[in-house]
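Think of it as A, B, C, D, E, F, G and H in the order they're written, each chain with its own count starting at 1.
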Amino acid sequence: MKKMLIDYKNGKISLKEILEEIKKLPYKDLGFAKIDTHRKLRKGFPETVFCKGKTIAQIIAIIENMNKENHNILATKANEKIFEAVKKKVPQAEYNNDAKMIVIRKEKIKPKKGKILIITAGTSDIPVAEEAVVTAELMGNRVEKVYDVGVAGLHRLFDIKEKIFNANVIIVIAGMEGALASIVGGLTSKPVIAVPTSVGYGASFKGIAPLLTMMNCCAEGVVVVNIDNGFGAGYFASLINR
Amino acid sequence: MKKMLIDYKNGKISLKEILEEIKKLPYKDLGFAKIDTHRKLRKGFPETVFCKGKTIAQIIAIIENMNKENHNILATKANEKIFEAVKKKVPQAEYNNDAKMIVIRKEKIKPKKGKILIITAGTSDIPVAEEAVVTAELMGNRVEKVYDVGVAGLHRLFDIKEKIFNANVIIVIAGMEGALASIVGGLTSKPVIAVPTSVGYGASFKGIAPLLTMMNCCAEGVVVVNIDNGFGAGYFASLINR
Amino acid sequence: MKKMLIDYKNGKISLKEILEEIKKLPYKDLGFAKIDTHRKLRKGFPETVFCKGKTIAQIIAIIENMNKENHNILATKANEKIFEAVKKKVPQAEYNNDAKMIVIRKEKIKPKKGKILIITAGTSDIPVAEEAVVTAELMGNRVEKVYDVGVAGLHRLFDIKEKIFNANVIIVIAGMEGALASIVGGLTSKPVIAVPTSVGYGASFKGIAPLLTMMNCCAEGVVVVNIDNGFGAGYFASLINR
Amino acid sequence: MKKMLIDYKNGKISLKEILEEIKKLPYKDLGFAKIDTHRKLRKGFPETVFCKGKTIAQIIAIIENMNKENHNILATKANEKIFEAVKKKVPQAEYNNDAKMIVIRKEKIKPKKGKILIITAGTSDIPVAEEAVVTAELMGNRVEKVYDVGVAGLHRLFDIKEKIFNANVIIVIAGMEGALASIVGGLTSKPVIAVPTSVGYGASFKGIAPLLTMMNCCAEGVVVVNIDNGFGAGYFASLINR
Amino acid sequence: MKKMLIDYKNGKISLKEILEEIKKLPYKDLGFAKIDTHRKLRKGFPETVFCKGKTIAQIIAIIENMNKENHNILATKANEKIFEAVKKKVPQAEYNNDAKMIVIRKEKIKPKKGKILIITAGTSDIPVAEEAVVTAELMGNRVEKVYDVGVAGLHRLFDIKEKIFNANVIIVIAGMEGALASIVGGLTSKPVIAVPTSVGYGASFKGIAPLLTMMNCCAEGVVVVNIDNGFGAGYFASLINR
Amino acid sequence: MKKMLIDYKNGKISLKEILEEIKKLPYKDLGFAKIDTHRKLRKGFPETVFCKGKTIAQIIAIIENMNKENHNILATKANEKIFEAVKKKVPQAEYNNDAKMIVIRKEKIKPKKGKILIITAGTSDIPVAEEAVVTAELMGNRVEKVYDVGVAGLHRLFDIKEKIFNANVIIVIAGMEGALASIVGGLTSKPVIAVPTSVGYGASFKGIAPLLTMMNCCAEGVVVVNIDNGFGAGYFASLINR
Amino acid sequence: MKKMLIDYKNGKISLKEILEEIKKLPYKDLGFAKIDTHRKLRKGFPETVFCKGKTIAQIIAIIENMNKENHNILATKANEKIFEAVKKKVPQAEYNNDAKMIVIRKEKIKPKKGKILIITAGTSDIPVAEEAVVTAELMGNRVEKVYDVGVAGLHRLFDIKEKIFNANVIIVIAGMEGALASIVGGLTSKPVIAVPTSVGYGASFKGIAPLLTMMNCCAEGVVVVNIDNGFGAGYFASLINR
Amino acid sequence: MKKMLIDYKNGKISLKEILEEIKKLPYKDLGFAKIDTHRKLRKGFPETVFCKGKTIAQIIAIIENMNKENHNILATKANEKIFEAVKKKVPQAEYNNDAKMIVIRKEKIKPKKGKILIITAGTSDIPVAEEAVVTAELMGNRVEKVYDVGVAGLHRLFDIKEKIFNANVIIVIAGMEGALASIVGGLTSKPVIAVPTSVGYGASFKGIAPLLTMMNCCAEGVVVVNIDNGFGAGYFASLINR
């Protein structure tokens, strides 16, 4: 801007030209804000495409557009069919079958020091957990995962006490009654991100039961993201991991 | 009946009389079934009056009627005003202010051997717990109570490991997220009766959150009663305590 | 421990060695608690695998691992495809098509004296009931079953009065409005475990209607488990059957 | 109309006048329909004022207006304060304290032959029942009432078998789990009108539990009205009583 | 009974025998009540099988058993596959494809005088309406049907004013917002049975919206049955049709 | 009418004939009201068929009937199969695959001056948006559409500031949390019609989340239509566009 | 801006100064947008204070601040106590006791030509209606109001047919089942704004029932605002009134 | 432990004594874990008492007990009456009337560098915000607060862009539709903690609406705590503030 103003004073650009430029400023500036944001994020952050509800044609178009830049690309809730279509256009695309995620690695992320521990209550929660794993790793985090800790067998939790103490951030993923978040929250002073899953049946109501459990968690230091939102948990964990 | 039939054969009662008696039989018989039931129950069981929604006059009438028999009487959800009115009519009536229960002791119940352990997650759950305590004790059970165990401070739970192992039946009472039931259920092989309470705020929705948590409890051996139903838990615990 | 301390005093093990052992104690101890628990349970208790949400590979892996020990194995919510895969690895596996359960019998359970009576309101509730039957029988219980008692035809209930009086524990399984639990609860002094099912349509809301009915049951002595949770009911019934 | 057309042909009224009249016809006709309706209803039917949410001034104004005609007047959900205000204006107004209803009797209704039986599950359901009683009686029905039949004590229901058989229409009023409607529905071939009440606590959710129970009633011949709507049940019962 | 008592007095049957008989009395008596009930019902009433959730084998078994008696048989929620299986065993079985009902006509029902009018709001409500039609006709009622009356085009309703006035009972079937029940209820003094349907999308929540609408209907004389329960409406209408 | 009355006075028609005519008047008149309504609507308005829940035969029948008149025809929620069946009968039928709508253009609508701006939060909301587009355009409106504006990238919203200022009416279509309606509502003084969509997962509960968001919108000037009801939004927008 | 740039070129302001100004531009510009918005609104629009949840001190502070400008001020959900406190500070404040609104008139609004018709189903809906009336009138609209039209007495609706035809916009306010919106929507081609109210009891669930009814309204041209949001309806009606 | 073992070897303590000590180890060890946790927390962390549902006597007892140690004490959801009772016992107790919190400062917390920004949508959200402020400040954080930013006036948000960029963690507190969280989340790359409040009316359902909005937030980096849980947000913010 400064340069432009000097150019203008020096007559290199006309009053009309500089007025035109200034008129666009708010957007540019706002764009700049976003760019600034992006710059920060780029240090450890993929762009993401939420595939559910989009046609394959739309997804391909979005990814090809993104692919022009040098950022990592992450596509969530992507089935195998979508992946195959993407792979044809972008051969280096990788697929995590558990997480239903497509990853296109284009830049090296500088790894963070702190570790993120991802714990699931059951085996069936793994797809959601893997979503968090893929996201957090792509953002440069070291991730440790412990699956199927359960509440019914609390001793399994004590076996991982060391891991809990060594982690910087903890993600707890649980369906059914979701009590694991309360228990981990009660054992640690680290920030805990709780992810309710739609695993269960009957009165778990596709995730409402663990969602409410986690919302009402009486242990301090526990926050909640949407049902099955492993991506959101991995993302937030990365934001607060140091 | 047998006697009546012999009397009839012997002409002591007429055909018309015996027909009249037989006509009433189904009800009597059903009554008998209930009486039989009652006989069993009477060994350790109070009659109960659910006061909520009844006028004081109605409550007094019911209790005075019950008072003619030699059973213990229990009135639930009774405020102090109701108690005062009852006490005027039945001076030996006692009041448990926490449980909001009136007890009229009229017979000695033979104590059972097994112990019922009643655990609450918080201090605010005590009124519901006391309902269970009063009920279970009146039915002849030895009751041990541990209040405010919490989930956030799991170590408090381990302090009572001995009590958990020594109990025959365990009642877990919790509001907010109600996770305590899952944890206790995971630590013991004893039957656990979970009571959700309306303690909490926001997304606990007056007990829906712990109700769902307990319903979906992934530890085996846990059953649930209605929100704030300490009486029901105490009653059922007594049924299965040996 | 005592032995180890004496060994240590006698110089058989070093200070470092004994310190190492003591450091592991909490976990061992906790493990011990569980082992103790297990010992009790083993007398009448199968390990269970909840198949829903797990891949066949995961289920096979879990079962093969369990199969190394001499316990009975129970897999719930298992479809035929899962069973076939399991059978290839563990030929003695049996399948209950109604209950959608796989059973692997490896030890003889000493039968209990008391009987568990399992009643369903309708024919459509049978799959849930069979889950309870398989579970309870595997845990050493004598099970009697009466299906399709209904509420609309109360007389069918009276036909089984004898069975109700002879049972030690009663499981009532009902969808739609679930009123059967209240009625049975009103007729008996035995503990009743109520299982709401997702049978019905419209305002039964996949089991919410009978769940609420059973929760609010005004007959004493009735507790509730999750919608369609026949396994949980069978398990709890076994815990309290003598 | 016929007369008017003849008058018009005879020149007694002008073309303009008769056109004006005809223009209003649809409304008149509709009004006539209503008047016809009213005529029928008047034989046994009070006009009703729903007091909740209206100011006393509004209620007085409505009732004074109604009072100009010779119909019985019924005001529902009226507290004592409203009654006192009404009584000052209409001295013959009567108050049913249980039903919270004001009745102003102005015409004699010819009594119907059939009997309406009104059954409540508990004592706390009486206010709703009395609403039905007052309504049905004012509409010329013979009403029999049996309160506090309960489900927990089914034998009380059998004691009234005769009454059930002698009734033309049955109203079943129940809170908590509302199972009484299913049971009565299963015992009779008479039409049953079920009224859920807000009596109960916890998971009865102010009447949702019995509403769902009654909606899903598997006994045929049962219909449902709104929670606590004793008036609606009494009204409908009268419509179908012969 | 009387005869048996005289036989007993005369020594034709022993004391033991008569005691045995009397012991069974409650059930017999109850059975009798049902038989009595059945006798009444038989005059205009089919037995019904609710097919949803039953296996074809179970349905066939139930129907073959029913088929031994001389009653009409009605099977609801039956798909074509079920029908074909039934037809093989009971060739005179008929199928109503809209209503998804199987009818087996075995006795002639004496027709009632009064007419039942069945109105639907939309074309999509027809399957539910046909369920009511089949049921009511099989029970001996004259049924008139008017489909797709809508609320958006109230004039269509006025076109059937005559039919409304000529009917004895009216069934209103509507999905979406279900307002048609209120409107018909406001226009007539005949009993109205409202059936909410799961027709609609979004915030109709599979029938909850019209269910609530109908429940809160401010026109008197309207009662409600379960969502999509055309059978229940037809049945109840028949009970109150004269 | 006037003519008929003169004819009657002149003896051209009898008293009986004119009485018969007048008897039908209310319906005619009402019909007239609708015709009047229709006349207005016809200026810019298609007739619509809601296809969901109707059989193809029914849809064809309705459309063929409508096709006799000279109005545009619009069929909503129509899948491709329906379209093909319609096209066979009405060859000029067009299909919008995104909107799942069939359009049969039969009259030219005079275009309105004002513009309707249709904004979606995401790509997955496009089908609902296209429903609004097709509807509004068929009713003679100029429509501008901006898809995938998002909330997460507010700057995209500012890029369309001009379009917001130039529109007469704005339709905002959003799933997930639906916050876009609040933001657009806060930026403009134009009427905003908010359409929640069922796009999302977990706690969006098929559109409940954005529905509530939009309902509680604290920006003035925002109204809401049913979940996924693009047609309703397009229709209402047309009504208020000048 | 132009002037500033010329000043800068002429040296009247420095490079640093102009850069500082430009940095603030996005916010200024945005502010301008709002001011522009305000200018338009000011022609017929009050500022509003939502009183619920604010302390009296806060309300006074906000209103005193607003009072410095020459706009009309509107405070909603204000009880009498709040009004008295406001009146002490701003004596010309007026209070509408039904609407619970405070109005401070400071500028004359040029009246619009079109009329807004406000219809309520019942007397109890008047407070919500008055909120709409006060809002719309303050914004310069001519308002006609018809209260207590009901659905049960459809003829009352026909009495106001003229008013419906003469209105430009119609607001329909209804609690209980809220069917009035559908009916009015079916009778008119004018835009209808539906306001559900919390009037009713039982299954009206404080406004959920009419909210769903209105959401699912099958008549086109109906949109919905929040429960009891008379203000929002009046505001929106004013936006679209010509 | 080491010392004890050496003492034991040296005969200073007996085998029985050391065995007794070791038996307590698991609990001690766990206690140690908690103490370790506590040590960390103590650097910036108050102990908290949740007052709701506790009697004043209970609260006093708990606080007096806590007061023996040298930690800061925080009591939440405390009304003025509770405060007065506490102040009598602990004179240095302070009260924040907005937050309904009692603070007893007993140790100096070393301030953190990063700033926590707390933003509310409305004035009515202030009590919840103040809860977060008091909590975060007591834990050693620098807190900046901006209240009443609103969504309806987005420009107010841009006025605080600087503050958003300067904060380390952002807490967004909003009732009604809660859209502010999405907007702030879209503008920043900082972690955002969203707190839904029960502010609003009608379809905000005491906080359910903003809870769902925030749960479904399509901007990344947003997590949610319970409705009205300002304390939890402040606590978590402190955990992740650097």
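Criterion: a residue touches a chain if its C-beta (ideal position, glycine included) is under 8 Å from a C-beta of that chain, and two chains touch if they have at least 3 such contacts.
Only a predicted model underlies this, so the values are computations on that prediction, with no experimental measurement involved.
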item	value
Identity of the chain that, by mean CA position, is farthest from subunit B	F
Whole-Å separation of chain centres (CA-atom averages), subunit B against subunit H	38
Chain centre separation (subunit E, subunit H; CA means) in Å	59
Intercentroid distance (Cα basis), subunit H paired with subunit A, Å	25
Where subunit C touches two or more other chains at once, by residue number	26, 30, 33, 122, 153-154, 161, 187, 202-204, 208, 211, 215-218, 220, 226-227
Which pairs of chains touch, using the document's own definition	A-B, A-C, A-F, A-G, A-H, B-C, B-D, B-E, B-H, C-D, C-E, C-H, D-E, D-F, D-G, E-F, E-G, F-G, F-H, G-H
Footprint of subunit C on subunit D - complex, ascending	121-122, 150-154, 176-179, 182-183, 185-187, 200, 202-205, 208-210, 212-220
For the subunit D and subunit E complex, residues of the former touching the latter	33, 37, 40-41, 48, 50, 161, 187-191, 193, 211, 215-217, 220-227, 232, 235-236, 239-240, 242
Subunit C contact footprint on subunit A (complex, rising order)	122-124, 153-155, 158-159, 175, 199, 201-204
Residue numbers on subunit E that touch subunit C, as the complex places them	26-27, 30-31, 33-34, 50, 52-54, 58, 62, 77, 196, 198, 207-208, 211, 226-229
Residue ranges of subunit B in contact with subunit E within the complex	1-2, 5-6, 8-9, 15, 18-19, 22, 25-26, 29-30
